[in-house]
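Next up is a structure, given as structure tokens.
Lettered A, B, C and D in written order, each chain numbered from 1.
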Amino acid sequence: MTDGVDTVKKYQFASDNYAGICPEALQAMEAANRGYACSYGDDPWTEKACRLLRDLFETDCEVFFVFNGTAANSLALASLCHSYNSIICHETSHVETDECGASEFFSNGTKILLVSGGHGKVDLEAVEHTVKRRTDIHYPKPKALSITQATELGTLYSVEELQAVGELARRLDLKLHMDGARFANAVATLGAAPAELTWKAGVDVLCFGGTKNGMAVGEAIIFFNRDLASEFDYRCKQAGQLASKMRFLAAPWVGMLESGAWLTRAANANACAARLEARLREIPGVGIRFPRQANSVFADFSPEVAAALQERGWHFYSFIGSGGARFMCSWETTEADVDLLAADLSAVASRHG
Amino acid sequence: MTDGVDTVKKYQFASDNYAGICPEALQAMEAANRGYACSYGDDPWTEKACRLLRDLFETDCEVFFVFNGTAANSLALASLCHSYNSIICHETSHVETDECGASEFFSNGTKILLVSGGHGKVDLEAVEHTVKRRTDIHYPKPKALSITQATELGTLYSVEELQAVGELARRLDLKLHMDGARFANAVATLGAAPAELTWKAGVDVLCFGGTKNGMAVGEAIIFFNRDLASEFDYRCKQAGQLASKMRFLAAPWVGMLESGAWLTRAANANACAARLEARLREIPGVGIRFPRQANSVFADFSPEVAAALQERGWHFYSFIGSGGARFMCSWETTEADVDLLAADLSAVASRHG
Amino acid sequence: MTDGVDTVKKYQFASDNYAGICPEALQAMEAANRGYACSYGDDPWTEKACRLLRDLFETDCEVFFVFNGTAANSLALASLCHSYNSIICHETSHVETDECGASEFFSNGTKILLVSGGHGKVDLEAVEHTVKRRTDIHYPKPKALSITQATELGTLYSVEELQAVGELARRLDLKLHMDGARFANAVATLGAAPAELTWKAGVDVLCFGGTKNGMAVGEAIIFFNRDLASEFDYRCKQAGQLASKMRFLAAPWVGMLESGAWLTRAANANACAARLEARLREIPGVGIRFPRQANSVFADFSPEVAAALQERGWHFYSFIGSGGARFMCSWETTEADVDLLAADLSAVASRHG
Amino acid sequence: MTDGVDTVKKYQFASDNYAGICPEALQAMEAANRGYACSYGDDPWTEKACRLLRDLFETDCEVFFVFNGTAANSLALASLCHSYNSIICHETSHVETDECGASEFFSNGTKILLVSGGHGKVDLEAVEHTVKRRTDIHYPKPKALSITQATELGTLYSVEELQAVGELARRLDLKLHMDGARFANAVATLGAAPAELTWKAGVDVLCFGGTKNGMAVGEAIIFFNRDLASEFDYRCKQAGQLASKMRFLAAPWVGMLESGAWLTRAANANACAARLEARLREIPGVGIRFPRQANSVFADFSPEVAAALQERGWHFYSFIGSGGARFMCSWETTEADVDLLAADLSAVASRHG
């Protein structure tokens, strides 16, 4: 079995979910594993993790720890909507494409309305049009706008773009949700304060990703608008998202935040993606899609090249079935991994390009 | 913080959720944390954990790993019921008393019908009466019977009792669900084959508890009736119960099952409870409620004794507000813990008894 | 077919749902059936019905017309609760016993908590105990109190009792819902102003029954607490409760309210029940359960008497399977019907008593 | 108020929901309003209506009567899907555009996947592509195909087209639902046997519209696949769609089916639409969109013409905000209405064309 695992290692650029637990997160779990602790969040690790997150965001936000990103997004959105409301998000958003209708389920039927927009970011005119094109009771009433930072295409909303989104949301009376499964990668690139990227721009609730950042399991739901968190603890409990041994969800946050690893590990992933982008740009016949701003690189090359690369054992997502590919770097990716991939891609491209 | 945690340790009999991760589970997580692995269960650890569970139950069952017991019970029951059906369970069952309406939520309104019964076990005549007293469409139609093994009162269904439950369920056309949050403790006491305690007695689906058994997080949903597992993977995904880094939910099962710790750790908890029961029986003015068969002891003593014991720092659940108490032992409980508790209880009882 | 219908007529005391459409309601439907009218409530009949209801209740309430009582209760309660909340009502309430889990369905899992109380009215101490016995997040948080006026046992809350209920609800932070499927019968007996029996006593939302009052179909949901009606039109539409040809739901209200038939027809039903009670009290071996205050009489007699009465073709509900019976009078019941029933019951009682 | 209603009459082509109750339906309601009848469908009118529908469709189908089309579609689709499934329908279908997320609500989160297709009919390749483009558990699994006959654009599926749809559904393992809010109009034009247009072509469940056909309220849900109707009566009850005085929902069906009015009234609406189309084709500057096959005409003309027509008091839906219009005829529309509209349109077109 170990061999099985190892074989995967060297050739892995498919997802940051393929990575393991980073040392800082694991050590914190081990440290939390001494003796007894009260359950359901009434423990010192949870208390400390919440305090550290409030410090990080420089505000007295409400914090809840849940098991995964689908639950985090769905529970957060459910607290913003009724079943007869709708949620507006980008057509490539995870909420739409990869959560199997979880938001519709948790909200008991809330409809998701899609808008397009360049580089995976919502087009503001499209959002406004979507809100205004139907105002009769025969169609779900838009109540929330959900954006993803970093986006599913590896791009970022700048602080200015976020402020514009926030202003629009306020003007249209939409609550603003941010899917931050890769929020750390966004902060690492933008270098802005987390507060600037969230509540100061009008974000009501952030789903801050821990798993892709290097933890085994767990996301943090952070309500900057505390009114929206009313009875949210009941909502989590009823939805099967309240951990009994909560310390093991909370401790990794303590470990990542105290050590700064939440940011340095994300920075490594971003740096590897940047290095990969640079290498790929040197290869004839290989193009780059979208501005590379976080930890993924979307490359264009012929289906023959893609096939040849896969024959060499590389794992990556083929992109929109066009022969292109998404290469995702994680906290665990190394420069050596990047160079090896680039070398193989260069080799197959020269033969099949 | 560490001190904070340690202080709790010595005086802890409140819940088996207060215990940490047992070595076999933690070591397996660490072993699984080498390199990359495919996500969402397509990894060798998940494959192996499923195989080991099939071996344990001596049948080709369908296995799913979810995050906690509330989700496990609710998802399993949702696969047995429609919103207009009802679930019959004991009035003390966790599904009714401690899941905040999760089954009603996951099943979109399924009603829970309560029956009583001695020692936390469903009375079969009461079940039959509940099914037959209303057969009109103005009341939800019973479709599932949910039993708990070990029960919330620390008692067990014998193999014969399980067979009788299974026969009744078949006769009444009810699907049979077993909440096995402490299934390991039941096996440790009864010494019967897991198969005898489940599918051979007519159990359709078992929620096998990992957390209380010594893991950080995670339960196994085991469908012996494979037809009921149709599309269950979609159900888990939509409900936010599909772990991306599944190997860390699955590996602890490998560790516990390969080492046998799932049983030996449960046996330790049961033995500590038995030792505690024996000690308490020697104390004048202290009574024992219910046959002590698993890892909890329900004791009777005056409110004054309870208060004095709490003043000495002991954690336990006060039972039905009557001055009685539930003492719960875990894999982590030691004979020394038990003796210390018994000595303190004896001391306060002699003074306040 | 007509014969089939006629046979039923003479022997009918089973339910006020067995009655037809009273003339004032039918004539209004016919009057509304001239030419075209805008759909979905944007018509003059709906406007007028709302105005008449606001006049009747002497307040600027929000009014919605839906198809039946189950939907009215469930939608109203859904506007008061989240899925993780609970609704407190009497164990005999229609919401619990005759709506097949509709409230749980419309609210996506809200739990119904039952209290007992004499004569079908909630015991206030039991309500307070139910709210206070669990305040942890592992059990649904009570958010609404639902009472029935007239009750399912044919009894009434006096103005003073309603005021006490309203005060308790305010004190416990519970929203107050009134199932008024037979509200007209309550007003007819109590002679109090509808305002006194509802919002002045603290009722937030009333489901005012039209069907049992003499209409073909339709109930009015009346929000005295207008904030709770926010987006309720969307809720009705999504739940399949917005009539396209709304004028035919609204017009009967105009007909009943303008003519005063809503009250006189209810008064007839009550008078018939009073006459029946008086007759039954004269019959040896026949007892009366509960104070007879509205349009139903609950009588006690031997199973033999019940059987003999049914053999003579009488329709009535046998009560708690005890040989007793519920006799329900409607707008259509006549003194002759009552006398005929009393004579037959007297005859069979003398033989089987 | 009567004036208010009358004013609307002359200028009404907005919707067939603006029409009243046709004589055959109203007379049947009046005939049913003699004496008592058992409630909840246990009455001779309901029995007869079901028998007549079985005769009409020449098969032993299961029949349920509900209050409106949104509920009929949503309940029928809920019986075909789980929350994690998806429903495929045309982007212009009522289920998507005019039911405020009812299907998502009744199915607890089922996702609606849209396909395009000429003339409001689903493109079969698009359906197949939609089923096959995602087969992973991260996206809802398609389970039902919903088509509308007549379509929202006033077009029809021919028998051959329906057979092709049915074959595709079978091949893709999709259940087939037909929204027949205007099914009668389709039968009137196609002249085929209802059986040919439904179950013989593979339709599993039909929602047969009564309201637009001339009734006050009520639709029939007809399961040709009887297995799918299992416990559907409970589903209707829980969803607030079981009428207590069911005879008044069923009797109009008896009146319409016995008299043949269901077809002749639909034929009148179609004939008026045909006459209108012919007149409009004679008017310079006025175009016709889509083949006119049922009871609506979609016309193209300048926004100035539309405005001028509205100034003259005509009610119609402006179509895709382009200055075009939908003119809907009903059982109540007369040739005189059509001629008057055509004359006014001709007049304003000559001035503003």
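Miscellaneous remarks
What we mean here is this: contacts are C-beta pairs under 8 Å (C-beta built on N, C-alpha and C of every residue); 3 or more make two chains touch, one makes a residue touch a chain.
The UniProt protein names, listed by chain, are A, B, C, D = L-threonine aldolase.
What you see is a predicted model, and the numbers here were worked out from it, not measured in a lab.
Of all chains in the assembly, those touching chain B and also chain C are A, D.
Two chain pairs are in question, A-C and C-D; the one with more C-beta pairs in contact is C-D.
Measuring from the averaged C-alpha position of chain A to that of chain D gives a distance of 43 Å. In this assembly, the C-alpha centroid of chain C lies 34 Å from the C-alpha centroid of chain D.
Chain geometry summary: the mean Cα position of chain A and that of chain C are 51 Å apart. Within chain D, the positions touching two or more other chains are listed as 40, 83-84, 99-102, 105-106, 108-109, 137-138, 140, 234, 237-238, 242. The part of chain C that touches chain A in the complex is made up of residues 40, 82-85, 108-109, 137-138, 140-141, 231, 233-235, 237-238, 242.
Interface residues of chain A facing chain D in the complex, by the touch rule stated above, are 83-84, 86, 97-102, 104-111, 137-140.
Residues 1-2, 4-6, 8-9, 12, 14-15, 17-21, 26, 29-40, 43-45, 48, 66-72, 74-75, 99-102, 105-106, 108, 211-212, 216-217, 234, 237-245, 248-249, 332 of chain A are the ones touching chain B in the complex.
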